[in-house]
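One chain, chain A, links the two complexes that follow: it is found with chain B in the first and with chain C in the second.
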Partner chain A sequence: MSKRKFNVVNKPLRKIDAMTLALGKPSYVGDFKPNDALIIKMLGSPHAHARITSIDISEAEKMPGVHCVLYYGNVPRIVHTTAGQGYPEPSPYDTFMFDSKMRFVGDRVAAVAAETEKIAEAALKVIRVEYEVLPPVLRIQDAMKDGAPIVHDEPEARAVIPVPYEPKKNMAAQVDMEIGELEKGLAEADEVVDFQYYNHYGQHCPIEPHVSMAHVDRENRIIITTSTQVPFHCRRIVAQTLDIPVRQVRVIKPRIGGGFGVKQEIVLEDVVAMMALRTKRPVYWEYTRAEEFVSSRTRHPMLMRLRMGAKKDGTITGIGLDCLSNTGWNGSQGLTVVCNSGSKMLPLYRCDNIHFNGTVVYTNLPAGGAYRGYGATQAAFAFESAMDEMADKIGMDPLEFRSMNHIKSGDTSPVFRALGEGREGVDQAITSCELARCIKAGAREIGWKRRKPHTAKKGRYRRGMGMACLMQGSAIPEIDMGAATLKMNEDGSFNLLMGATDLGTGSDTVLAQIAAEQLGTTLDQIIVYSSDTDMTPFDVGAYASSTTYLSGQAVQNVAQKVRKQILKVGADMLDCKASELTVEDAKVIKKQGGGEVSFSEIALHSMYSSNQFQIGDISSKIVHHSPPPFAAHFAEVEVDTLTGAVRVIKYVAAADCGTPIHPKLAEGQVEGAVMNGICYALTEEYLFNDKGRMLNPNFGDYKLYTMSDLPEMKTILVPSYEKTGPYGAKSIAEIGINGPLPAIANAIHNACGARIRTGPFTAEKVWRSLQAGGELPFEEGH
Partner chain B sequence: MNYIDFKSPTGLAEARSMLKELGDRASPVAGSTLHVFLRDESPKVAVDILRLGLSGIRLMNGEYHIGATTTVSDLLEHRQPGWVLDRVAKAFVTQPIRNMATIGGSAVRVFPWSDLPIALLALNADLVITGDDERVMAAPKFFETQPFHHLQPGDLLTSVRVPALGAGQGFAYHKDRRTSTDFSRCTVAAWLALEEGRIADVRIAVGAAVPMPRRMEAAEEALKGARPGPAAFAKAVEAGIDTLRWKGLHGISDEFARHLASVLIVDVLTQAHEEAKGA
Partner chain C sequence: MNMKSITFTLNNEKRSFDIEPDETLIDLLRRSGYTGTKLGCDTGMCGSCAVIIDGRIVNACILFAFQVDGRTVETIEGVGDFDRPHPLQTAMADAGAVQCGFCTPGIIMAAKALLEQKPNATEEDFNRHLDGNLCRCTGYVKIKEALLSCSSATGGQS
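Entry: the complex of A and B
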């Protein structure tokens, strides 16, 4: 529970950019496109796996209006990762700006910069390419078979941190962990479940696709304006890829039209930077929706085996989770995503015998990347489906089974130390957990007491309820760092400069609230600028559910320092000790009464009158914990047993995110994530042909829910107070997406007895399962 | 589409004359919502047909005369006895599209997901083509092939005539889709008339899961004279289902498309029967 009353935080104030965005004022990269910008277009590979045997760009180069054509023959060959992660990156170096080897349908062949889009597209058509077509790897299970085609046979491919990496076997990463002894745990069990589950491809579908532009300034520096979640990683990786110093690159992030993880990746920026350098003209590149689906990043599909043993009394004796993850054509985020599959779900239930294996394989399909949930989404499906399957076996209510086993405040788990982000993790005890209250509140809202077994249901349309418990993390402990600069202006306002990246979540508002609360002023007095690698201090960026918890602490720390400076100046002006003063309503006041000075007077005094100095400071923060937010999700569905169609009637998400700094934004994060998860569970599906070409890379055929599809949804924020977080806050942005897949799978089973273990839960799968008596032979999907 | 010019005639004769003169280079344009799906890159002159006075819905002698440029929104909002196209218009993607799309455009060029042709087949609509002469084509003939093939340069589909639903008659329409904005995976419509508790006449039409919208005549024949009910409907579907070639769209198998159609046809027959009974 919240321990104190707040003035600015924990209040649903107007978002600081709300009016700007609502009025459609220029905010996004595309709004700032210079009129004279050259347009970039990319020629994509028609083959999933091939080697270019010859390429002729001469006709394209000669075309009027074409300024530059890039291909593997005229750019530096520097191996790198596209993953926007801390240095040294846990993702393998396996990518080049351009290569003669094609690894997926859509892979970069050549890029053209031209006066218009039409000219650029015409130029692509006259580039002559001949390919030696190679057999592709299109299924996870085929990737590591003897004799499988090798996706990365180039000598440069390597891991930069000491982790298993065997590209000759198409293995991009591997992690293995055992606590206790799984086999012993399973032997002690009264019942064992052992099933395979498959999480399918999914795309983030930001309304604003990847978009970047660049120009070269008079000092020959490359200025990149880009829709990115990781401006500082972007700067570092672009410099590395172009073989130029970091100081030659500046990255500016304006507003982002949605990211969800897909913009934690350097997808366009290397090419726009190189084009700007070569042409000395502003250049602009925006992905089409088809390119966004195929050439940006996706959720890593995973084939999972979940083994669980339990006693009849509900004690879990062993848990084994094996994840075979498809990272596609490059290994971006592959290791850390699969680590999260273990580290974000295995501590959720108490168990002494746990085994986890995560193996990441290359295929000739679109690349996985960071996506909201980041591996936990995949594992939650297997884990929480298996919890229901076990509850059925031992004859317990799934809610009771979860309630008696889930982690609680004061508990720890050896998994926290055993599994970090690509390396060993950090010991931590749970200091805030209101999962029990989440379960209770969610069960009450959905009407769990009405739940009956599927065997008691009759008729064509049958309703059922399912649930799932979830946990995530808040930032990456001992790895990620955020920083903030704060300075005071003459009118008592403050500039808050942050590397933290608001990708549409409202984090600029949340962080400004933290600063205002600490400074004793109002939200409108905080002028936020984020992020610009020349102007704002370093921050790893917006990922790993870190912004509120990590960057929020950096802001809180710098605001504390500035508050001290303000009090010191106030003491000088009021002729008393700083300890006799406090801040309130943008004023320094004597605690005992009898004197006050406004922030404006303090700023003017410090700037112009005596002991002149700029009130301001910078603060960095690295966190030592990653306190999990917790959630209990409940779904009620209706299944048409004749057609297999599934309709979500109601969805309840009860979440403990500590103190919600901005409750409305926190609710919005949960609602958005749940919507995102529901359509991932039911309708989103990559369809490929047998050559690895995606057949539905557009919103007409790849179906997302719109507001008119929204089921009744209820979000319940169950407050706790996380003592290590800013004003008791933990994260909230990712956890919500992890629930719909298992909660809906469990609800379908409860409705009609069909157990679906491969996403998405299409009508045809449900119908076929019912035809087969509730169980289908397991099949790897896409 | 590659438009090089735009013409805006204000009368039918002027429009027809322009279309005739331009021949293959002309593209009649009303709501334009289908143009995004057309892949013809040859230079075209867009001829706006929205100002020809072809919009509006009138009831004459038990038949609705619907101008070809009447928007789907208008179909949705219209209320008069025996009017049923609002049920179809409701399933027609989103309001912004309904505001632009016209009944004529939806009829002239058929896509696998088209909504209106299936309803027009079930309702046995007549389609009026104005050329040098006025021709009236019954829906089954009109949709036998891509309807624009019936049009010579200068011809325009000018109106659609749909019988008003009478006493003892029922109509139902269903479009199966994953989301409210989705293309159809299977669309079915049924119209039936009861006399003395038996099916005097019936029409069943399907689309999306078949290459072109079609009537399921074998099922209709099986139902004529029969007492309506679940058993009769199921038997009729059995008689007709394999007379058409089923094609799964959007990731579903052909087998499931066939199954889906068989379930949904029974559903629309049941609903149409309920309406015909006056339930």
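Entry: the complex of A and C
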């Protein structure tokens, strides 16, 4: 670790928008809704799988106050993906704005735009639809069986990159990789574990649901204001879906009320754009909470088989991971999520024989999408549970077993090259890894030395400890691009214009800190604007743990260029060479002999005095590495053996994110991710009836934790210095959510001997497992 | 439409509004420019729309507007501004407790209502009183830290 001294970076300054938001100033899409906006409401399919045999919208169209009704009969039929990813997208093209085939309960039948919400809702009730109901696919393991109903039988469905795609078999993607020879590795082992794990449906639950509005301006351009993590992908996909040029679309992202990946998807924008174009009125569409659960996106449920072989001395001889992923009614992010299940966990421990298979299937259930952790969450559950199961078998402490095997600085892994995002990956050596120190610090904090085997525990309430090690990435190497524009104002302040999207993470602040550090000024001198496709340069958007690492480097680059310009003007003014100067405290100063000019004087000089020009520049960045952040998580739980109820007593997350550009925000990312993960592990669950309808799409029946559920939580940032990152930084936002499933599962086992391999870990499951002597017959879900 | 007129005190100002009989308080507030009160679930389960009515915390999404006729309503807009932020607002901003910020107004209103009744509120009091406020970003750690710092029990002022 390098002990560099910073002025702005690595300081817990006030987040630049914090007070604005705490004051309740208009900030989000809904706060800008014009009072004359038409309200959009969507009629959802009552069937999980059906074909519309007839539809009559005439009565709805005639209703006073109704301005437009859209359905498959009056919109272009253009196949596309809703996944907000780079072009060409690794997700299959399998979605239409509207279709005559219904693929899940809630699928788009018809949309109404009306003067009021009440009129729109009344109009939906008079749309007459007849369906031919088809048998649905409602279980992950039924999807590829012979004779299974076909979710995507339309001829247009296709993959746009060369990857296996067989919609006629309900197969949305497949990836297979072998390094060495798994069977040989397992044969060499003293012990083998071979278990199935299932992680369940879960939703991001941003407190602001999806919301978009649009209007057509005087030049017939469509202006979309939307809560999106991917404004530029949104612009491209909306243009594609409406069959209009990209130049006709402008996407503005105001503040986002939480995203966590779910807003990396084009969910509302195609319809609001089309409605605005048709009605020439401002239109507004906001999902209800129930629609948010069912019709936006979810975490891909996965049925996983994890095989591991190890010698008695702790050497891992073989790892096999098979993931069967349920992508629901569309293939959004299906391939890349499952690729990450392999690529973000398999390099974590040294092993010569690795096999990975990811198979993604369509079902008639809600669609998977990007969700914080992005496949790594799923794999971490299987992998880190199995690490404990193996440690038990070979009689090693799980902490020791992990410590002797985990990847370290200077190591590489063949997985990095073998597995990318929908294509081959990129070779890399680990240049910063403080996982060993994370383990040590976390173990000390939780009191790992107190840990006793479950057989030594008695009584109704039993406590146990579990741990998990984790890694993620920082951006997608050779694919993701971010850019930033920086220009100087008369008072020495700067406008920083970025396509990067702050979804609450604080990236506007973090990126402004990087600019201020490079420019030698203070945070309050940086005016951030993000994002607006007309105004800000391109950025892929907020996903893949990329913003600090990737967009941060774009900002650092542009600030370097602007700093040079400032020094050059300073040299003219001070009549010396630029090399004799430096920047400090918003001034250009001579390194020796005295003499200085303020940034304001420099800006005024460059604008009004001589050789006038705008001090400013634009810079882009792609990255060639994706340095993983690392973490060690520890959970202490108490199990009530009478009821099976699990309570988390204490949770410790020790994370290495390189230099935390903003330590408080970095802690906040860990704490938020961990709490989300704990809640997902213990209570969050989609309940479906036998027709594929979700039964609990509300916060009363889908339990999110509140402040009173918060266990003692300790976050430890263990700094490293990632030399490829901006000021040594790596990512932090996603990794934290991957720990709670395995750490809590391991802690439950350590408390009472019950091994739970399907989420969530409800009291019922734990109790039944205890009744069965710790082992519950494996029950897979959807 | 069958409009009805109501009058109530909104952020210390007597105001009259024409409302529809089944209009909710949140719809009235938001269409009248009081957009600091957020709609998160529309079923009274997330607390983003929390406002203070006659000193008590209430979810504005499940209250009809006519029910506040003659009463006193306080929204986030009445709590503070850039030049005179409420200590809770300053504490939330400084603690790093504002991530996406969508739940923040509701949390501040709930905490304010509690501290007005009980200036020396304890951790237990905050836990109980804010049990109706969901935050998905922060994990509540820094929110709790911010709120506790405003209790006189920790030497804070609200």
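Here, the second predicted complex is superposed on the first by the 778 of 782 C-alpha atoms of A that agree within 3 Å, B and C clash if a C-alpha of one lies under 4 Å from a C-alpha of the other, contacts with A are read in each partner's own complex, and residues count from 1 in each chain.
The rule we apply is simple: a residue touches a chain if its C-beta (ideal position, glycine included) is under 8 Å from a C-beta of that chain, and two chains touch if they have at least 3 such contacts.
Since the structure is predicted, the reported quantities are computational estimates derived from the model, not experimental observations.
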Point to revise | Touch count on chain A, higher of chain B and chain C | key: C
Practice item. Would you sort A:Leu704 into first (chain B), second (chain C), both or neither based on which partner it touches? Key: both
Check your understanding: Looking at the overlay, what does A:Phe778 touch: chain B (first), chain C (second), both, or neither?
Key -> neither
Practice item. Based on the superposed arrangement, let me know which partner A:Trp767 touches: chain B (first), chain C (second), both, or neither? Key: first
Exercise for review: Scan A:Glu685 for contacts with chain B and chain C and give back first, second, both or neither.
Suggested key: first
Practice item. Mind working out whether A:Phe6 is in touch with chain B, chain C, both or neither, as first, second, both or neither? Key: neither
Check your understanding: Between chain B (first) and chain C (second), which, if any, makes contact with A:Phe538: first, second, both or neither?
Key -> neither
Check your understanding: Which positions of chain A sit in both the chain B and the chain C interface?
Key -> 700, 704-706, 708
Exercise for review: Spell out the part of chain B that touches chain A in their complex, as residue ranges.
Suggested key: 94, 176, 178-183, 250-253, 256, 259-260, 263-264
Review point. Contact residues on chain A for chain C in the complex?
Key: 12, 14-15, 17-28, 30-31, 33, 35, 204-209, 255-260, 286, 288-289, 503-506, 664-665, 667-668, 671-676, 698-700, 704-708, 710, 713, 715
Check your understanding: Which residues, counting only chain A, touch chain B once they are in their complex?
Key -> 642-643, 645, 679, 682-683, 685, 687, 696, 700-701, 703-706, 708-709, 762-764, 767-768
Study note, to complete from the structure: Listed in rising order, chain C residues that touch chain A in their complex are 30-31, 35-43, 45-46, 48, 75-77, 79-82, 85, 88-90, 92-96, 98-105, 108, 126-128, 130-144
